[in-house]
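Have a look at the structure below before the remarks.
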Amino acid sequence: MDKIKNFFKRTLSVLKDFGYSLLKGIKKIFSNKKTVTGAVIIVIYVLIAIFGPLIFPYSTETNLKDKYLSPSLAHPFGTDWLGRDVFRQVIDGTGNVLEIAFYSALITVVVGTVFGIVSGYIGGWVDRVIMSVTNIFLSIPSFPVYLLLAALVVIETPISLALMISIFSWAGLCRAIRVQVMSLKERDFIQICKVMHMSKAHIIFKELLPNVFSYIAINFVMAMRNAIVASVGIMLVGLAAYDPTNWGAIMNAARTKGLVNPNNVRILLYPLVAIVIFQVATLMLANGLDETLNPRLKVM
Amino acid sequence: MENKNILNENIAEFKQISIEYPLKKYTIKAVTNITLPIKRGKITALVGESGSGKTTLSSSIIRCISEPGRISGGDIYFYPKDGTELHLKDLSDKQMRKFRWAKVSMVFQAAQSALNPVLTVRDQFFETLQEHDSPLSKEEKEKHVRGLLEYVKLDAERVLSSYPHELSGGMKQRVMIAFSLILDPELIILDEPTTALDVITQSYIFNLLKDINRDLGITMLLMTHDISVVAKFADYIGVMYGGRLMEYGDVKSVFKWRNHPYTEGLIGATPSIIGDVDLVKPIEGNPPDLMNLPSGCIFSPRCPYCKDICKTAEPDMVEIDGGLKGKCYFYKEAKNG
Amino acid sequence: MKKDKDSTKAKSLGKSKFNMTAVGKFFVKYKYFFSKVGVSLITLALSIILLFFLLRQIPGDIVHLYALGLQQRQGINYDRAYELASQLLNYDPNENIFQAFFRYVGGLFRGELGESYLETGVSANSLIKTRLPWTLFISSVALFISFFLGTFIGGYVAQKRQGVANKIASSYIAISGSIPDYLMALLLVIIFAYQLKWFPAQNNYDAFKVTPGFNLPFILNVLYYAFLPILSYTIVQTGNWILQMRGSTIGVLGEDYILAARARGLKDRTIRSKYMRKNALLPLITSLGVSFGALFGGATLMESIFNYPGIGLEISNRVVNKDYMVVQGLIFFSAAMVIFVNLIVDLIYPLVDPRVRRG
């Protein structure tokens, strides 16, 4: 009985400590104005992505009688050339855009970090091989290849599009992480671990990873930004058009209908503004995190 | 004004100088109310742990305190060879620019980073002569620069066409010494000139500096944390702690009497080759936090002789015979005891 | 640390003097050159492999599509056309993968970057000849304008970090960094071409008004048509250069040699130009190559928005029209070009920055 009690007490105190330090960390991170503003906007976007389609369900039903209606209470953003509600299209597309960004950032960060740490820590020929592979992805212009891939491979889910974008985006992160690991490796505390014959797993997971963690967090946000730029761009050319409400697809449709018509310009501007606001928010979050987590890099 | 034909025995005097670093939330007082003479033709050493304000104090002579530091009080008087008296506070920026290097030059702690890595040594030497409107002709400049480099035993031809990273640490420091002489200054500030060098090069550099002091009669202000260097090299010593001058006097007396507890600690913390290592006693505790100074005498938390009075108010500078000055309540008594 | 490096360098040099042949000495002397060229060649080879595998992804019905096109244009029967099409596409399910690869590489080595199945006589080679100058024109002009503008502003605001200018620059960086260049292009087209009608919305020159050649009306017309594409690149890229130059300059400002230069009594103007600007600018030269690659890749979207007949427009149009052989040829060429430009930058850099000259 006592043993169990003790065990609980101990776990509780450990949890308490962990909670306190977590709380402290969160408090510190959110003491930065930029971080808070960025995070709040992103949370609003996520909420719109989740609950938006439930509140404002989008119907593909066309109604030529109502085409190109001006914004009104019934249609806050007006209607398109087939009489469909633009507001509901934009809301519906939010989830798709965010999903692609999230998955792509996740893949980029995982792959980039793993290869970056391996390359930087192990060095030698492993490093050389990984570096020449990253070299290709950094030299070949990515966007044309995206287009070719989008045309050749059937893309029907956000994950497959995210996967495609990540083919190129991991390389830059991999290099950056490698440089960080290489400089950390020379630092005393890692050298001491080596002298003490600690296992590689311990050094990598307990010593290296926590030290590049803030860097990874910031790059996750940056990878999301890049994924949005790439995915919207691909759809803007009319490729990977599996989801007609993706912001890129909406803009492409409006563009191909002709920008001479001011109604199409109006339709195009809603998703455009939505993207720009989201990008500003992610940049603020990334910069804010950078300021709190890497205090030596105070630039702005 | 006194008779101008008799030169002041001091080449420069710090007059109650205070230097601050205003930061976002608080202000750091790097130097507090220091009055210190620099004797003409002699070598004055400033010792103290890092962060004690040595570099800040000395770079204030040429108004080159690193950002965002500024002089918040006091003045510096400078007495050039021509018998005039300069109040450095009153110099305009343009006058100060002309004053730098022409009257007071400097040898930096990190010679490797004190030279612009993308310009050759020749470029930097000639640029300095140029910007100070040197009256020398092109040939004379060349001869002058080569003469200086040869004086510090360097291969002038090779060094002049080199970029800084192509020279070794010892060579770079000698280049910097030659560089500091280029405008024939009256005072050279030496900011830990040998810390980055190996022992043999160190002694070579010090011999060279001693020669310069003796042959050319140039006054030197040496900053160091190595007390053994002071003993060998300097004529006068100023001991700094937490931005304050704790003791000042001629080296022999200061070393002999060890009147100030901090000076005593510094000397005691230096290992000697002959002595037993066990006799080396480091000073307990850490250097003071400039943002959170202890009340009373700032050395009191680390002082082995600390009394109650030491914690109440900061002691004044006390002068005793022989020109020794110290900041301690028991300065006079210590000499007798 | 530094000393160790020096001594090992000295050692290896001593050794090389002792038992190196003349050829070996030549390689040691130009080690930097050869290693950079080698890395570029390896990258190029790897990109060829990557593109080859990409092309293996072409689904089977494309061959059918190609065959139909060939049948129609050349008046041959379907079987013959199918055979020809699978050859053109490098697509033969029975062929050994190595054979296919070597045939593909052989084609590239002979300079055949890919024939079009849509139009006879059109190939990636002929398109490069006619389209490349336009893409190069737009991207290099934009690159240089934004580089000079951005580094100038970046260097300036770095020295006045508390000032209003820095605040404005910071906001500019944040906004220009948040609008992808193609959206900036769309915005500019909407405002200046469709609303205000100040600039043309598409094309590279007015074929009805001017005749191509070295004459003033043509050059002015080309500049007029290129204005919006260049402007949209420049607006976005300038922010990037301001950011980089500001960071680099702030780094230089903290260096001892700046303080030392001030202590030497140098004029502020000299310190700014010869010490801050030069030292901060040099490392940015390497980013020029990277930036060029980004512009070249981004041309795909940019040119399709302005309907500007460069390589990028060809790539995006032909991807949509499934003219894959031409597309891969154009992509291969773009990659080779970016690799080449980066190589040139790498080789030139040591000549301008003495710090890496003896690397």
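So that you can tell them apart, the chains are marked A, B and C in the order they are listed, and the count of residues begins at 1 in each.
Keep in mind that, in the parts below, a residue touches a chain if its C-beta (ideal position, glycine included) is under 8 Å from a C-beta of that chain, and two chains touch if they have at least 3 such contacts.
None of the values given here were measured: they were computed from a predicted structure.
Taking the CA centroid of subunit A as reference, the farthest chain centroid is that of B. Highest C-beta contact pair count among chain pairs: A-C. Between the CA-based centres of subunit A and subunit B the separation comes to 54 Å, rounded to the whole angstrom. Distance between chain centres (mean CA atoms), subunit A to subunit C: 25 Å.
The part of subunit C that touches subunit B in the complex is made up of residues 2-3, 6, 255-257, 259-267, 270, 274-275, 278-279, 282, 353-355, 357-358. Listed in rising order, the residues of subunit B touching subunit C in the complex are 59, 62, 64, 66, 97-102, 105-106, 108, 110, 113-120, 127-128, 131-132, 163, 165-166, 168-169, 179. By the touch criterion given at the top, residues 132-133, 135-136, 138-145, 147-153, 229, 232-233, 236-239, 251, 255, 259-260, 265, 268-269, 272, 275-276, 279-280, 282-284, 287, 299-300 of subunit A touch subunit C in their complex.
Against subunit A, in their complex, subunit C makes its touches with residues 39, 42-43, 46-47, 50, 54, 57-59, 170, 174-175, 177-180, 182-183, 186-187, 189-190, 194-195, 201, 246-247, 250, 290, 293-294, 296-298, 300-301, 304-305, 312, 315-316, 319-320, 322, 324, 327-328, 330-331, 334-335, 338-339, 342.
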